[in-house]
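What follows is a set of structures to go through.
Each of the two complexes below includes chain A, the first together with chain B, the second together with chain C.
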Partner chain A sequence: MLKYLAKRILYVMPVAFGVSLFCFLLVHIAPGDPLTSVLPPDASQAMQDELRKIYGFDRPLPVQFGLWLMKALQGDLGTSIATGRPVAAEVWRAVGNTLLIAGLATVIGFLFGCLFGFVAGYFRGSYLDKFASMLAVLGVSVPHYWLGMVMVIVFSVQLGWLPPGGAGPGGSAAWIWNWEHVSYMILPAITMSVIPMGIIARTVRALVADILNQEFVPALRAKGLMDFGVFKHVVKNAAPTALAVMGLQLGYLLGGSILIETVFSWPGTGFLLGNAIFQRDLPLLQGTILLLAMFFVGLNVLVDILQGLLDPRVRRR
Partner chain B sequence: MSTPQIPTPLVKIENLTVRFRGAQTVHAVNGVSLTLEPGKVLGILGESGSGKSVTLKTLLRLLPESRTDIGGKVSVDGRDVLALNPQDLADYRGAVTSMIFQDPALALDPVYTVGEQIAEAIVRHEKTSMKAAMARALELLELVRIPSPARRLKAYPHEMSGGMRQRAMIALALAARPKLLLADEPTTALDATVQIQILLLLRQLQRDLDMGMLFVTHDIGVAVEVSDRLAVMYAGQIVETGTVRELIRDPQHPYTKGLLAANLHGAKKGERLEAIPGAPPALTEPPDACSFAPRCKFVQDRCRAALPPAVQLGEGRVVRCILAEQALVAAA
Partner chain C sequence: MTAITEGSAALVVPPLAKSPGYWAGVWRRFKKDKVAVGAGLVVLAIILMAVFADYVAPADPTRSSMLRRLRPIGTPGYPLGADELGRDMLSRLIHGARLSLFMGVVPVFVAFVVGSVIGIAAGFFGGKFNTITMRTVDVFYAFPSVLLAIALSGALGAGITNSLLSLTIVFIPPIARIAESVTTQVRGMDYVEAARASGANALTIIRVHVLGNVLGPIFVYATSLISVSMILASGLSFLGLGNKPPTPEWGLMLNTLRTAIYVQPWVAALPGAAIFITSISFNLLSDGLRSAMDVKG
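On to the complex of A and B.
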């Protein structure tokens, strides 16, 4: 197990390096000069050069990358061109906010996805299965910004049960764990949960159907286990894959859905990323993407380790 | 007090029919009757699709109930198996009758250790603690002579060899001290060298623990090795039964004769083995004539007109063939 762990972590190194290189280059490939958004349109050539030097854009790309990477490893992602604040702090705050709703969304999505998936897999071909599968397909295919707007119209505007947007009455800085604040999370989290729910439900349904077709299931019955006993075995067999899918989904959601966070004005990573793109805020964009990519990589390692714990066959590979 | 008693049979199957519904109905078993005395071994011999495995699975009601019609009567150790309610059925499975499956690589759950799976069966039937069950699982692994059993207890199925897995499967089947052991081609998925070890082990355990055993196989050599009596199945019917000696020395049914002839023993190099021409019937209709008639060398018009009679040749010696009847009449 220890060897497996070390191997997984070692494998991550080149991936992380590649990801950071890609993040760095990505923004340089994109058209447009980041300085145009901060400089007045009539700025002189000397002034442009001056600023370019301050931000380090005048050096060759490999040097820029090396310096950027060195700093990034020390936790310094530079300063935002638009706001002048350190990128790291901005991104961390946004990540924290996104983590709140993404975590809740994943939990909701996982619970309901598993529920629908198990029911559909167990009663394959029945109306229950068709209903659950329909919900799953709906979850994957409904445009969620539209769903978000419908949710706001129904639950905030018409029913008045939940706030329509924002991160609490005092903004995200004054976040406290009470109902008044938590109520702001509910609508975006539910809207967000619809995607992982659909994907997990479909995965689990296929898994359960596959497991129930295996020969060890009649063998379990042959030794006298009843439905619940067999169910336990099905769950443990399905868990590694279901967890892997959940981990990936959490990774996607951590990137923050630009659309959902915009609909609900939730100050998360998606919101931040959207702003960074529109303002051509290069350091902020790079920092955000890098941190999110690292989260994704880390999450994958975590899922791999969990899978190894649950399924002995994975460890051998 | 010591009046000799006729032993009540451990297994008594009367006129069993099994039909699978689906796009096409399959008449898998068509009127099988058999009995097994406690502590004896009956080998059920037949080719693929002859209904031998289906008959075996009926004894544990392992066939998918929604798609299967079962007729006739099945009783094991005094229980009417087909009438058991779900709770009683689960109590019966494993504790009275248990099964060794063909491929242990598929029949063991890959994500639980062997010890956990054996202990699970013990806890299920004997209401002991997990710790006591694990101790007994270790004893069982010793009983089936797995090398370094304490280590194997914590092993996962994929960490064991085929022979060891089948030993573990046998230990699992013995976990709740069943009276009847069902073996569904338990050596087919194994290497030839391991096959004989497993056969000898099964035979010995069956004797030591005084269990009845139904042993299904398509391999006549294997059937002879472990069985007291044999039943030959063809197209969902038993065509001939008798002791091993009777069937080998004096086969009556043309199908049995064909099976024995299509054997490597006594074959000469360069000479073709004698095979039975043709293929078994599709079983989409219930038989209304002798199912073997299309492939039979001795076929007569009567064979195609009606089901052949079950001719009783002696105590527990039955042949379903007109030839046997004619021979009996001629002898009388």
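On to the complex of A and C.
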């Protein structure tokens, strides 16, 4: 296990390095001067040079990258050009909000995805299978931002049951765990859950059908095991992969929440990213993307390790 | 000479019925799959609609009318209502198919070509080249696709070209990865070994033995990305990072109509429904192709 662990971590180091290099270069592929959004239009050359020095844009690229990386490793992602506040603090606050709905969405998606996938795989070829598979295709094909709009139309505009957007009456700063606040999470979380639901349903269906085809299943039945007993074995065999897919889906949702957060004005990382893009706040853009991508990389490793713990066969691969 | 010919005449076997080729088999299996055929027809209809938009659309998609803003579905002269500037929704949806399809298909196509080249080269030559290429691909894999697309177009700035570029970059790594893994499998086959032993050079082996065996799976995988690409491309426009008004495009239409959900909610939802129908048709078509071409995975 230790060897497996070491191997995974060694493998991920160059990837993490590459990811940070990409995030660093992101600012430099951007057209125009990154300072244009802070400089007054009539800024003198001296003032421009001074600001360039403050932000460190006057040094050679590799030096800039080294300095940036050192700082990032210490948790300093620079200062937002638009607000002047530290990027790390802004991002951390937003990550919490995004985790809230992404976590809830993953749980919902996992439960229903497993249910549909299991039913489809267990009764393969039946109408139940066709129905569940159809739902899974719908889940992966739907433009989720549009689904969010439709949800708002139905449940907020027409029925008036749930709030259309925002993070509670007092904004995210005054978050309390009561119905009034939780009601703001429901629509974004359900909308978000549709994608992992479709993907998990597809995975679980294939897994279950595959497991049922293996020799040990007739052997179990021959031994006299009832359906429930067989079911337990199938679950045991399908669980590691299903959990791994779920973990990755959480990562996808964290990174992919921008569209849904825009629809629901949810103050998470996606919302922050949107602001960073439209104010051309490049340090904020860079920091947010770096953090989200690193989170995804970390989650990948965590999933691999968990899979290794649950299923010894994975370790030997 | 003649004697030999006459003598061997008895040995002439009646010509075998030409064995139906691989593609005939694919077509036969595909035809039986009603869902896939239906989806294919829908895709075809949408493509035709986009190509002949000028003839199909009942009105000019850019002609606005301040008097007829946000009309409901079924208004006389406006079968699907009118948008926030009084433009005919049906015509805008028909014309919007052009850019929406274009932005969905082109990145996948370019990524298919580039990703296949990278993946096949990495898989075929192996060794250090493979390690370096695939590790670079892994870096891009570390980003969820939505995040990568938005990060790139966010940094590059809004516009159709930048959106196309970012989406292409998003799709190259997954295609390269699939191409690499199928090529690595094929490379280990005996017939490749045999070709090598008989003196064929790398290019000949790739052309004759590898391409025919790997393009199918890569192609099927690429078709499954079209729906993702359409959703992402419209998503970028929805965020204001893609197309610019007044050119009709489904994602941007959804964006500009978002504020109208309290006035004409179902008109506002129409462009999204168009994206949904197209994306699901591409997905079902791709699933059908996958089983007809007997691609695993």
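Going forward, the second predicted complex is superposed on the first by the 316 of 317 C-alpha atoms of A that agree within 3 Å, B and C clash if a C-alpha of one lies under 4 Å from a C-alpha of the other, contacts with A are read in each partner's own complex, and residues count from 1 in each chain.
What we mean here is this: a contact is a pair of C-beta atoms (placed from the backbone, for glycine too) under 8 Å apart; a residue touches a chain by one contact, two chains touch by 3 or more.
In this text the structure is predicted, and so the values were computed from the model without any measurement.
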Side-by-side fit of chain B and chain C on chain A, or clash: fit
Partner chain in contact with A:V19 - chain B first, chain C second, else both or neither: second
First, second, both or neither for A:G274, with chain B first and chain C second: second
Partner chain in contact with A:L5 - chain B first, chain C second, else both or neither: neither
Which superposed partner A:W146 touches (first chain B, second chain C, both, neither): second
Partner chain(s) touched by A:L212 [first = chain B, second = chain C, both, neither]: neither
Partner chain in contact with A:L69 - chain B first, chain C second, else both or neither: neither
Most chain A residues touched (candidates chain B, chain C): C
Three-chain overlay, closest Cα atoms of chain B and chain C, distance in Å: 15
Contact footprint of chain A on chain C as seen in their complex: 135-136, 138-140, 142-147, 150-152, 154-157, 227, 231, 234-235, 238-241, 254, 258, 261-262, 265-266, 268-269, 271-273, 275-276, 279-280, 283-284, 287
Residues of chain B that touch chain A when the two form their complex: 57, 60, 62, 86-87, 90-95, 98-99, 101, 103, 106-112, 120-121, 124-125, 156, 158-159, 172-173, 175-176
Contact set on chain A toward chain B in their complex: 214-216, 218-226, 229, 233, 236-237, 240, 310-313, 316
Residues of chain A that touch chain C when the two form their complex: 14-16, 18-19, 21-23, 26-27, 29-31, 137-138, 140-147, 149-150, 152-153, 157-158, 251-252, 254-256, 258-259, 262-263, 273-274, 276-278, 282, 285, 289, 292-293, 296-297, 300
